[in-house]
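Order as written gives the chain letters A, B, C and D; numbering starts at 1 within each chain.
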């Protein structure tokens, strides 16, 4: 099957890209001032030369730069993301531990934002020029313009502190011993606020884009054809306009879905969500190189993966791709 | 001309312009509006707003004038927004233009390079860059520029690629014009409108990014910005709501204004839509 | 016969800022059952607006101001939206001008046709499919089983047009409105479609409103004709009447401007070649991306020909036969895969980029699409003088020459300070010609230089080219799909088919004793040939 | 006392590891303080109390320390805790891994197990503060049977620490919480009262406050929330707070003034800085009134403190005079705040404002934690905020910042300011090895008097980190290290 082969070819290319990214990231991070050994020593509240020497040796920092790079890249080729000396665990384990939480958060936010965004965009486009359209558009603009963390803090304040409806942070009720459905429900409760805050911004983006795209497509000739067939407005919007209008939204969404994975630092921080965005941020402060590199690599892989998914979705939505030059 | 007419008859866009001009005015004349600088401790801390005439918006954790901070903060936030957008354009436009125009290896190379910046989540990259360069106004601006140019490059590339295929480019080639000249004189002018629209949105995004960085403690400690204000106030959000509320509103208003302008430009530059929008 | 549609005193208002207050003003017309009414007229005369008004599909801002249109004893202009909707597709149907964009690119052809039934709640799911299939057969689309599952992009222009027709005919409407349904098509396909419409009219007795600017088509199918100009009906009558005895000045002018089929006398051609093409080949490879197989198109396949100094060589052939590619290869906008192009004896391929740039001025091109070939953000003066100035001619001099040329092409010197969008199609075409001439070329490749034009403007441009040929000893490679135009202007004609040169000869040879089947087919497909003959005979 | 119940305590930031012998940063101490134990415990007056050692004896000459271990102590994996473990911990493991203790172990000649329950430390020379090094984080007891002969740093058991403490490690969900459960076999019957302890990781200070408000967590150890939030939280019903439990650490905040170069190398300038700062105001505004303005290097909570020194009260005019005297030319100085949250940032801003007012040209430098470590340990700063623990004795926690032998590039925990005063160095050394407390008191008084005039660093504040907790939690803070070993005795009133 050629499509399958093509996907394989693409994956192969992606692997090369990833490797290049790993190398570049390595340079980037090592350009940062700060030394993980010193940080670790510093945190201990006391340190002497012997200790720092020991740490540097353990981290492999006493070796020349190119040896470190070579070792790192060599490891990656074998699927080894290295070892976090700070946390005393293989990076891959650290990430694997955090990734599900991040994926849960970001995918939920993504699904919410995409579905609501498109729905609202369609609604606004259908009412273009009317008061309800202006209302929706302005609302979207507000979500777009409000700093994410501000929204997050406010959400916690209102729904968690004042109303007490939803937990304000965390991934699940700690030590609740919930299992099965109860646990899922518990996690869902914790998920609502962060997913909403993270999703609102993107919802606004998708909505505006859908609206613009719908309006543009609605001037296309084939819409007139559809009208000439005697189709009703809603049917035309659903069957003809939306499908064509959604393509640019899909492209953008694909790119952002990937980015979300590593980009939810703020939300994860405010809501104490144990995801990899925070892992990255905390590792950065400690110059825990292997961990940051690992997170970057994983999120780059996500971006690439989502791009491939986007391409496939695109092919499903638009039959011209793959045939057109 | 007709574009300007369309633009000026768009109420939203004009509201945006008005708001932005107000913010710019306040930013420029901050030193005249306030006799003290925003770091100066002028009163007791946590003075509620509207209680003292001289300090209409109250004071912050150290007893500094919130209103003055807001005005001075406008300077930094706008500056970061504008300059980083400018820098992003300076990187993205030439790169995208060259890639789109020359195609082949140039394109391949440029796009791989762009891809690299796109695969790292841009907020994460901004954090790393600021940490590397250490947070100063310049490094923050640069970091924001560095994470925001790839979409510009892609947009410009796509536009240039489509314009390059238009026949007037062939006509220019036939007239014996050199390639760089064709690129600069014939192709690029035809890609300005989407770039302008994008730029207006980028300024908004940059202001938000700066404030997010500040929130994480990666702001320039010597520059009073709205992001700094919110970041500093978030721990007292419960007891002193105004400390994060006013700068929050300022950001919302500015970003809103820029968006309205961007949307207005978008409609104005795209007559198709504007006709629709008003009908 | 009974009247299917009668339009009475229709006036359609345009939004503010349009070029005139009404798109059409006080227009009346009626169509009988089983009748074909052709609406002709200059571009912008309100033909499409009338049609759209009938369908209730006027663009925003445009509205019916007065008059009524009686269809089945109801005024279709004033029906509530729901009733209009019920009418559309079922009783009245429309074929749009642009088949390329009138189909939803993301929906299978079969579904798009079946959707008409769905819209009016007819039949079950499987019946709809059956019906769609039957319609596809009826419009003679090849391989119906496959077509029904195909997407529009997989169909050729003519095929799409037929799919559109199938859709319009799905519910056997009583009234079919066809808005320039064949302008985009080459003569052979055009002939097929005309035949189809005639057949259907016979079979179903529907009334047809046929909008066109091609008098050949009118002669071929019209029962009655209406001529419009600036929103008003200027003449109406039976087809034969209007075509043979036009009464209104405008109609007369239109008819006069039609290129006659009479062949000009042969001229003596110079010996020196201006352009030599030897064994030229160009293969386009597209796709080959990730998911795509490589597709090869032999656009030009081993073509050799010569254009002598002062000669006009016509290049004809159906759409996609490689004419433009050949022309573009001659000016080296396209790099050939094989063969040689010699311009005035020099091989452009052998030149370095820099030298090529210096030699560019020798061959110029007038592009097929005049609007696309002008930079929308550059004033006309810049467009014309850019080339000469790059060549080293002082700005003053170049500008003076540009003004002069604009006068020559009949635009007036002050056109220089305007932007392209401020001109009409015909004017732009002439700007293109002025631009080519400004370079003092030895050879001009004129690619469909008049196809976009009204017959009257077309005539002006042809005159200009003829004049230049005489005055400047200019050689022209004249690419066209319109055989009538070719017959008028050219010394010799080359016929292309699928990238190959099938025949080349003097105008007389090609028209009077074509050697190849393909050439004969092309000639036979010219619409209104009979009428044409009559006309020339009586002239 | 009532048994049972669960305690949720905030830990910030998330500890890098829990193996107390390898990592001794604040969060690790907080959590691992329940898992590992030392031979002694120190009460809030810093007097040694029985820990794993039931009793101890110090010889007259101050050279021999003999500890009698508690009977029936078991490691969490069921093995017996014996004198061999003590020897292994002090002499093998910690000598290799524990930098701070290593300095004290330099005085130790030998560690011997006299019998399974008796250990003897022999010193080379008398070392006054030696009795203060047996706290859990300073000399934690490490299980010999797990670590002997292995590479300590990469031993797999580091992930599931085994100690003797009242709580056992159960689970660590990275980024969320660490779960400890009651050690059923704890050697003191009935202790601990609690069933389990959760250490909760909540990265944002505001969220931590919310967590406490909404009842998610019960204890906010010192420094978990910004000081501005403290009054609001403590005013809530059923909420108590205490400043106790930090005596052993006595965190002392100052600004390193770079003694090597720039304006800060001038003593007059440094004195001007002291006079220019309104430290009382800063304490009241920035620290919300918590803490105490220090008079010199030794905290008033630490032994051998003396008040008899020059007092630098807020006096901007005097500061200006001093600046004029030195001929300050407006050369800019950079302030590097400690990247530990908003309070520290505000503090730096307040200092900048004060210094600006007397005409000093100030700029705030900025760095994240790694950057701060790098800059300070590479001496790339003019003024840099820091705070250090005093560990109950000037010889353990104070002198290391002022003696010239502790000027070493690369570490942020020594004489970073580059202060050199050989005369005073002698006095520091002498004071450390004196045996009688009276002698030591006199020596340190002299030292304080002298050093305060030199202003090697700008002493800013004796930090006070109130611990906030719900009032129904009893006996949470009973020792000099507060919450670090608090759950051992804590119980919840139903």
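Heads up, the rule we're going with is that a contact is a pair of C-beta atoms (placed from the backbone, for glycine too) under 8 Å apart; a residue touches a chain by one contact, two chains touch by 3 or more.
What you see is a predicted model; the values in this text were computed from it and never measured.
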A-D compared against B-D, more contacting pairs:
A-D
Could you work out how far the Cα centre of chain C sits from that of chain D, in whole Å?
87
Approximate Å spacing (C-alpha centroids) for the pair chain A, chain D:
39
Suppose each chain is reduced to the average of its Cα coordinates; what separation in Å results between chain B and chain D?
45
List the centre-to-centre spacing of chain A and chain C in whole Å, with centres computed as mean CA coordinates.
50
Per-residue overlap in chain A, given as positions that touch at least 2 other chains:
32-33, 153, 157, 161, 269, 284-285
Could you pull out the residues of chain C that touch at least 2 other chains?
none
Among the residues of chain D, which are close enough to touch at least two other chains?
204, 206, 339, 367-368, 370-371
Tell me, which pairs of chains are in touch?
A-B, A-C, A-D, B-C, B-D
List the residues on chain B that touch chain D in their complex, please.
39-41, 45, 61-63, 131, 134-136, 217-218, 220-222, 231-232, 234-239
Quick check: in the complex, which residue numbers of chain C touch chain A?
55, 57, 85-90, 93-94, 96, 98, 101-107, 115-116, 119-120, 151, 153-154, 164, 167-168, 286-287, 290-293, 295
Please give the residue numbers of chain B that touch chain C in the complex, ascending.
166-168, 170-178, 181, 185-186, 189-190, 275-276, 279
In the complex, the residues of chain C that touch chain B are 60-61, 328, 331, 333, 357-358, 360-361, 363-365, 367-369, 372-378, 383, 386-387, 390-391, 432, 435, 439
The answer for chain B against chain A in the complex is residues 112, 115-116, 118-124, 127-128, 131-132, 134, 204, 208, 211-212, 215-216, 227, 230, 234, 237-238, 244, 248, 251-256, 259-260, 263, 266, 270, 272-273, 276-279
